[in-house]
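After this come two complexes, each holding subunit A, first together with subunit B and then together with subunit C.
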Partner chain A sequence: MKIFQVALGILAAIGGFVDIGDLVFNVSAGATFGYQLLWVVVIGVVGIVVYSEMCGRVAAVSGKAVFDAVRERVGFKAGLAALISAQVVNLMTLTAEVGGVAICLQLLSGLPYRWLIVIAGVGLLVVVWVTAFEWIERIFGYGGLCLLVFAVAAVKLHPEWGAVGHGFVPHVSAESPLLYTYFAVGLLGAAMTPYEVYFYSSGGVEERWGPKDLGLNRVNAMIGYGLGGFLSFALMITGGALFLERGIEPEFLGSITLGAEVPLGQIGLLLALVGILFAVGGAAIDTLFSGAYNLAQFLGWEWGRYRHPRGAPRFTVTWFVLLVLALGLVLTGVDPVQLTEYAVIFSAVALPLTYIPIFLVANDRTYMREYTNGRLANVLGLLYLVVITIVAVTAIPLLILTNVGQN
Partner chain B sequence: MSRPVAALGVLALVLSGCNGGTVDKHALKRDAEKVGSLASEGGLLANDVSKGRSTRYFARVHAQELARAASDLQDALGKRPTSLGITADVRSLSRLAGKVSRELEQLHLHPTNRTVARSLEQPLEEDVDAADKLAK
Partner chain C sequence: MTDSIDLGLNLLDHQLLDAENRRCGKVDDLALEGGPGEELELVAILCGPGVWRGRAGLIGRAAAWLGGGRRVRIPWDDVAEVGSHVKLRKRAAELGLGRGDDRVRPYLDKIPGSDR
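The block that comes next holds the complex of A and B.
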């Protein structure tokens, strides 16, 4: 198997799974509840693996990406609702990611934040415009692997391993049940954020996957998102081991990197900053393309990141406009970390609108022929539809009742 | 004003945390925890700087972020109306937030000076204890 094909999964994992939402929610959850919410990450990782495999399979068998299939299968009105919710969440996430890139650059260079927002925007534009997508995958995918420094940091902080193990056993906190549930919902929203599957399935179509690539699809989904989940564990353990006892509420991106600096010094700090820069930058590109994919697929335009920008002009204009909008929003002074919390919670609300159509298409013989969901995919898929529906219904009330996680 | 607009206004206030309202005991506890958190995080950073384990730009930028957050709390707690019986504690917390902010500002101005960083560790630790007391 060609190694660069697996890079698609790694990019999706680092740039998509571990984005600013995962960084913020995992470390905050650790700082607030220690290791108690590790089991929620497991549920989120299995969920994204199940649904990524499903929509990768849809892409490979039918040649259709998610929004192509959604519009055809659920009709214009329901498709439009899914599109609007996806685009709103996408823009919020993109804004937070661009702001995150600027903060990382500031922590590395000490230059003024506002200038760095513009530099981040121009940098992303240049990278997307001039760099072949295979290289974007490699640069951001492998750069993001620097985040593994948090795994080393987690070990060096000497967490209580018994408590870590206990965190993988599902349980409910009696101490602050509302706040605990808020974090659980946020962690699920961050792990299963919709743009990941839009990006993943569109990538499959562009790489011209066919039924012979179903094995590659499965490996990509499992290894890629599994790696993302491993990093999430490391982030939460770091938050629990370093911040909980000291009563620190990590409110800044810089707070998260302290998790690597304290146990590992300068090298830990620099690796963490570089890892976050690449992961958040990669996620910014994912969300940028996802927004353009969604609109182009829904409206039946030419689309594709492998095409020259002039070969798919409306697709190109869409991602360009999205980038400009996100830059404008960051320049208003909105706090990317706070915006991330809202983006993750709103993405939790949008989960059913994304995953129900995927489940329906993956069971439709017209599209899938003999490759419809097997029993395991259906049982897990249905189970997750119940979970994400509960998550979607409770997300906004929890956001209000906990005052955005402030209790 | 139409109902949806009013509802959106209420939602916006709720989402913004209603920071302009009266400080009650619960808010005092929350804000004291926040001040303690900023002081504690500043202490970690000061410790790393004192051992040469941080970088100039990171220490400068992050210390400034923490100092600003503490300064914002100082302003808010100094001005907001308070519930009966806790005014002295609220103003005392405001002064404490100001002290934390000034200490972190020192770290921002001298991000590579180990002596300054070392001299800040103890005061920041005391700030954490003081905030803990006010949170109870």
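The block that comes next holds the complex of A and C.
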């Protein structure tokens, strides 16, 4: 029974791994550089495994979610800076995801986009208000599994497997190295999405994990995120096999679905759209809660996704306000795909602000007793500290120099 | 309670839990008493937006203003335990904590499904 539950959780995690950032960056990286950047996805996926395992372990041993730990460790001032940057990125991501849901609904129904933005917003509100969280997680996680259609499509498109294999070997591109680096940074940012980690660690605290759950934490982190990364490969391969040779730059969410439609026809298109709808819708809900978690944890309010709204009033108001703000921003007509690029790049910039405190806490015996980072966690943790610092420092210059990946 | 605690690392900025384990704020600052040469004594925990003013420059002041500027003083005698969280002996309402949540709750109660 336990294994069955773990398996269900993993399925939901795979379906929930991909969000709009992964969709946009993996497919356009494929369309621009073929399979050359697959190795970066591997680095990104291992990175999110390392980061989320640490956060899950901190949650299990000390009972502290990310922004509890951040504030305790670096104090009010630096913690507030981390909070503000996290919330700005969070709102950008949320806006992009809500817009993405509306685009999917439009592609499925053909109704006007503006109506569908409102329908998407109200739909998310109703789902979050009336559905118990266990169900939200399952429905969106399993729905997101439709994205596996991209794995089938990737095979059906008959990519040159030699070139795919070569893509897993780290290398630098000779042609347009700046753009190549921009995509590398974007792929890392898209894979190591911090809101997923905030969400994950808060869930651990809510489910009252203790040291006995550390094994579960490791399995969740490794298999859930690891297999989720498999979908990222599939997306990039379809991007490479379909768009690169035809010289198409997928600027719309709709063009991403071509990756499944061309090899598999109508059914491929339908599965891709439903998969994207659930994956992006689920990510919107996770992002929404993450924003409320961060604020509530930083200020010491009641919080919790398993609690009824009246059990955590200000937490509830926070997510409601975030949803209304995001809805307002989508209604201004901002392009969700373009916004996703900015959100991913800025999230890469902000990543060290929460990663560093968590890394310090995970090594602190007063919090972690005998469960501090082991040698592997520390070697990887330090390595990724270097990686994300380089990424954070180079992200904005690359964004400017490549004109948001356009040149 | 342990014999000695590091006020900076083990107390400041930690979560406050009231007698019913309700999350009701953070240890935003500490009040110490005792002049130079005298014994320094921790007399109270300070909590609330008014305390942020002194902790983060201009942004701290802006946050304090946004939060309404209230500050609550919790006598050290009302602290039951300092562990992973800071546990208090009384209920939040008695200490004047968690008022924001209490104020918002009646509005949420009017919406169907708020106590599902």
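The rule we apply is simple: the second predicted complex is superposed on the first by the 390 of 407 C-alpha atoms of A that agree within 3 Å, B and C clash if a C-alpha of one lies under 4 Å from a C-alpha of the other, contacts with A are read in each partner's own complex, and residues count from 1 in each chain.
Here is the rule we use: a residue touches a chain if its C-beta (ideal position, glycine included) is under 8 Å from a C-beta of that chain, and two chains touch if they have at least 3 such contacts.
A quick note: this is a predicted structure, and the numbers were derived from the prediction, not measured.
Asker: Name the contact category of A:248: first (subunit B only), second (subunit C only), both, or neither.
Answerer: The answer is first: A:248 touches subunit B but not subunit C.
Asker: With the two structures laid over each other on chain A, which partner does A:165 touch: subunit B (first), subunit C (second), both, or neither?
Answerer: Once the two structures are laid over each other on A, A:165 reaches no partner at all.
Asker: Tell me the contact category for A:265 with respect to subunit B and subunit C: first, second, both or neither.
Answerer: In the superposed model, A:265 contacts subunit B only, not subunit C.
Asker: Which of the two partners, first being subunit B and second being subunit C, lies in contact with A:399: first, second, both, or neither?
Answerer: In the superposed model, A:399 contacts subunit B only, not subunit C.
Asker: Which holds for A:210: it touches subunit B only (first), subunit C only (second), both, or neither?
Answerer: It touches nothing on subunit B or subunit C.
Asker: In the overlay, answer first, second, both or neither for which of subunit B and subunit C A:112 touches.
Answerer: Touch partners of A:112: none, neither subunit B nor subunit C.
Asker: Residue numbers of subunit A touching subunit C in their complex, please.
Answerer: Touching subunit C from subunit A are residues 62-64, 68, 71-72, 75-77, 79-81, 84, 129-130, 132, 296, 298-303, 308-310, 312-314, 316-317, 366-367.
Asker: Okay, in this complex, where on subunit C does subunit A touch?
Answerer: 6, 9-10, 12-16, 22-26, 28, 47, 52, 55-57, 59-60, 63, 84-85, 98, 100-102, 104-105, 108-109, 111, 113-116
Asker: Which residues, counting only subunit A, touch subunit B once they are in their complex?
Answerer: Where subunit A meets subunit B, its residues are 106-110, 242, 246-252, 254-255, 257-258, 261-262, 265-266, 269-270, 273, 342, 399-400, 403-404, 406-407.
Asker: Of all residues in subunit B, which touch subunit A in the complex?
Answerer: The touching residues are 11, 14-15, 17, 30, 33-34, 36-37, 40-41, 44-45, 48, 51-58, 60-62, 65-66, 69, 128, 132.
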